[in-house]
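See the structures that follow.
In what comes next, chain A is part of two complexes: it sits with chain B in the first one and with chain C in the second one.
And now, the complex of A and B:
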């Protein structure tokens, strides 16, 4: 960020003369003061017109409609819909087959804990270790950039019978005939593992950036005083990355509730791997239960808003503020 | 910060130097081991898929997943994936969507940032609040109702549905632009205004050209996320001829269910552009995603 702002300020100097020229040639003689004032008042709105229309149409109208649909039994097609009160919400929390998907989130939550721990470990190690840092950083980050469908297929082959994982395990002498995606526990663990593989790199790069922004003199001073690596981590690195860490934890929690791509592509939600979003999509677009699906989406939205609210209360972060 | 040296000097005299050295060496070995294992874990699944994509159908069924292909120049699977997977159409559709949604995002994001930062009008706080609250609403949850909105415009199953959604719901890029607009001195605007430039001229001739680094960041982040998105094209463009990279690859697996050599080739075809972009734009990508994630 600092680099780019520097570039911007350098360009400022160069841009000024040419700008003066164009502005002067564009000047029109004669005054139009009253019209000018009206125009000036309207100017910000002219800039904001298109963005606000898009924002309202694709974010606020859907949220409003969704809340409205959630109290009806609408099927998404027919012109008539009946008001059913809180019936949809009651169904979500009382029908076990609808509620069960929440428990799948715990696999992904556990995975994100592992993911943050791994990322933190490598970020700390690599911050001391200069050699091969960029190569390592690139290797670890690249999975984050890969297309989700491609990742899904890569890992379908990985977990396949006689696929990559089985072959590697047979090298180490354990010939398993385990169907990795065959039963719910194993399938969910495998899918959560894919999510660790995919997202660790992002956390790693964020942590590494935060650690590198800590001034080097602090480590030198600590080393002179005989601090061990662990003490350096505990007292210098940990406080330095606290904001990024808390952000990562919140992203991990809301992310593990909104998992969709990997399980949908790899198993289609079969063998107990259906997540909350997969179930909502299926309810809405396969079984035409728009009302029930909307209620489910509202519940998820409320949970995520609640988590975000808790985060803002616990970690008052100046960066989050828009002003 | 002051606590570090204190605790350090307290624990130091107690430890036995020989044991500490041995432990240090073991620890270092384990650290190096982990630095070797992690890249292997990342690369192995990808490498195996690359190897598989070069094999013949018999090689895939008869030999293990980790075996090497007999002919390293066997690109026939790529030809199959490219033609039967309708990859050309998919790349075309993705390019079309990328072009319009990125252009739109850049224009909309920079205009919003300019209006919010440079004008003091009534309801400015309200507008900012609207954008701020919208960041909290996860896109996946609202699609049930967004679908009805898109459908009522008659945009379902057209390429304009994803374009509008990518353009209209991208608040992260507004943040990135806002950070940069703040960094541009207001005296520049004032100087131009004294010379008779109106707000549009200032936006077009001063602000926008100075936003070039932000534009680069937004183009890269937006480009990669749009290229990789599966959910929106999958929901809004079910027609075969409207497949994007993600949906075309997803549908390709159906008829080729067990032909892993073909599916692997398709996956490699999709990953390759990302790899090339990453190798050339590494530094920008790290910065972009870091600022995008932390906002």
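And now, the complex of A and C:
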């Protein structure tokens, strides 16, 4: 800290003599001008000071801490910790069972494909004039507003033996007697279904916003030319929302890799529903391996950054120009 | 170029901040927290951290404090009830501000006790007077005093078992399974309820280590590469019983949707036959029975179904949370006074129907059946718990975590591939490997 201030003051000292020389010939007091200029230069930074302090304190320092922990054998409680170098990282990459949980992410990835398709369909349909349009918008967006913990509990009752799902099915005469969370495939599919239910609304709103920003004359022109609804979608809407679509895909992939809330609340990671994040939490808070868990978190961060980078390389962000 | 430099600079700053930000607190004093000799002259305000938010809210804790003030009029006792006790206290212990009296969180390694808590006395003087003192014994000094202890066994609905034609406690695991089968055949009840979803009731099975061989030092033997799940060992017998119960279709259909609060009422009403729990649960179960309009006397407690050569049942006694005095506390004498008073004179353990910490106090009414039938109480030694936990954590098995038994149940009901033998072999291998690095 002190060093930087010194450097700054040296700079100002160096700058002042030349200014003084000019000041001598002129009548205006040079000191004031320098201060004014400095102040002007500092103004944006002063405005930024509060958010920057908050950002550094609550984002970068904790992340820095985590990176530091990932090189230690800290147990999360003890006042002392030993520096172990890259040992934690070596462990992560030499224990295949730590990576096996990523298979669970495929369920969520498949689910997010369905989720994007559903959201896109409804966004397109509801962007045209339709009766009860706003009601449907509200209905679709509503699940996203509910807190994740509440959703977990609601669906726990939903999937329970003789719970909501079973009774609804029995109205239609099918008594499946299936334990929905009973085996890994069924449990993961059910959980991924909950995640679709929850996040479709968010994708829907993003798509709807993008679609509505497309100028209306384009549709009119297309209609005059005799384009069908599908052709309108294919040639006007799809290219128009491409940036939002690619954002949704990045969010879907990183979301599927870092699923946590829903499986943690509903099954606690039992019966083969454990995800990488649940595993990390368990390492840190059950087995007191905070160092190893921090390393796992850093690895997850790097994987997501890597995937985002690859995705950006494959689908570069072009400026969309419809007109 | 300029961008990278700024970024590198920012990262460097963050790293420096991080490194300075996490140097630990000051050293704790090692002075013993002695009870004051003159109660009238002890002063100070002490904060007690507790997991019993229900008792804090209902005012029961304040009532205890009022009683305490009759002896120590100048000490003010404040309570802080924490819902997520383990999680919150663990983090607070990174500072010096974690109350004056607190329950020792399970996550704190035993060998770190001297860094956090004030010693309460030597092993010899404490063990003569109190049960469970060796659980917090580090290098000849005791750091915690149990609130109370609990005996282990199965809580069961006597009416349900009677309806199935069984009136005597099963003597072997086979008889127990046969009993559950009879319950399934003769009644509508779910014979055994695992409480799989909530998880912690599965941990209760671990508390039975010792009831098979009737040996109170047997947990200490785990501190090494001893293959804890080998044929005939405590954990082998215990976990096999759970496995066979589930495999025989004697537990609930979808374990992932179990519900602890609901299970209490179900047991009381006879919709559930049996649950593995500590004796602490009996009082709660009887309350649930009264609320549900069922007969509280239907609820019984049976020991683990194994008899030693002397034809006696054994039930392990294990301690509940241990109360400790913060090493950074400014009123150690007042804090110690509270711990002693609460353990010995408050009547708390009797009210909870639990095993008293004080050796001279009688067993509670909830264990009347055990006392009448000459069940041997095995006060489990916890001398090596520190090492056992180190191995357990290094192996990532979690004897006191639900995960490995959840997997066991999944294997038993065919939701996960594998056999019991393979699973035990795998657990043994993990344990023995971890013991080589951690158990020194």
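FYI, the second predicted complex is superposed on the first by the 251 of 323 C-alpha atoms of A that agree within 3 Å, B and C clash if a C-alpha of one lies under 4 Å from a C-alpha of the other, contacts with A are read in each partner's own complex, and residues count from 1 in each chain.
Note that in this section a contact is a pair of C-beta atoms (placed from the backbone, for glycine too) under 8 Å apart; a residue touches a chain by one contact, two chains touch by 3 or more.
What you see is a predicted model; the values in this text were computed from it and never measured.
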Look at A:122 in the shared chain and tell me whether it touches chain B only, chain C only, both, or neither; answer first, second, both or neither.
first
Check whether A:136 is in contact with chain B, with chain C, with both or with neither, and answer first, second, both or neither.
first
Which of the two partners, first being chain B and second being chain C, lies in contact with A:89: first, second, both, or neither?
neither
Contact-wise, after the overlay, does A:102 reach chain B, chain C, both or neither (first, second, both, neither)?
neither
Should A:144 be classified as contacting the first partner (chain B), the second (chain C), both, or neither?
first
Pick one for A:233: touches chain B only (first), chain C only (second), both, or neither.
neither
If we overlay the two complexes on their shared chain A, which of chain B and chain C does A:166 touch? Say first, second, both or neither.
first
Under the stated touch criterion, which partner chain does A:61 make contact with: chain B (first), chain C (second), both, or neither?
both
Could you figure out whether chain B or chain C reaches more residues of chain A?
B
Chain B and chain C footprints on chain A meet at residues 56, 60-61, 63, 65, 76, 160, 163, 285
Contact set on chain B toward chain A in their complex:
1, 3-5, 7-9, 11-12, 31, 34-35, 38-39, 41-46, 48-49, 52, 64-66, 108-109, 111-112, 114-116, 119, 121, 124, 127-128, 130-132, 134, 136-138, 140-149, 164-165, 167-169, 174-175, 178-180, 183-185, 188, 191-192, 195-197, 199, 201, 203, 205-206, 209-214, 217, 224, 227-228, 230-231, 235, 245-247, 249-250, 253, 260, 263-264, 266-267, 270-271, 274-275, 277-278, 282, 285-287, 289-291, 293-295
What residues on chain A touch chain B, complex-wise?
1, 3-5, 7-9, 11-12, 15-16, 19-20, 22-24, 26-28, 40-41, 43-45, 47-48, 50-52, 54-63, 65-66, 69, 76, 118, 121-122, 125, 129, 132, 136-150, 153-155, 157-158, 160, 162-164, 166-168, 171, 197, 202, 205-206, 209, 218, 221-222, 225-228, 231-232, 234-236, 239, 244, 247, 251, 254, 258, 260-261, 265, 277, 280-281, 284-285, 290, 293-294, 297, 300-301, 304-305, 308, 319-320, 322-323
Over in the complex, which chain C residues touch chain A? Could you list them?
10-11, 14-15, 17-19, 21-22, 24-25, 87, 90, 93-94, 107-109, 112, 115, 196-197, 199, 252-257, 393-394, 396, 398, 401-403, 406-407, 410, 413-416
Hey, which residues of chain A end up touching chain C in the complex?
56, 60-61, 63-65, 67-68, 75-80, 156, 159-161, 163, 179-184, 187, 266-272, 282-283, 285-289
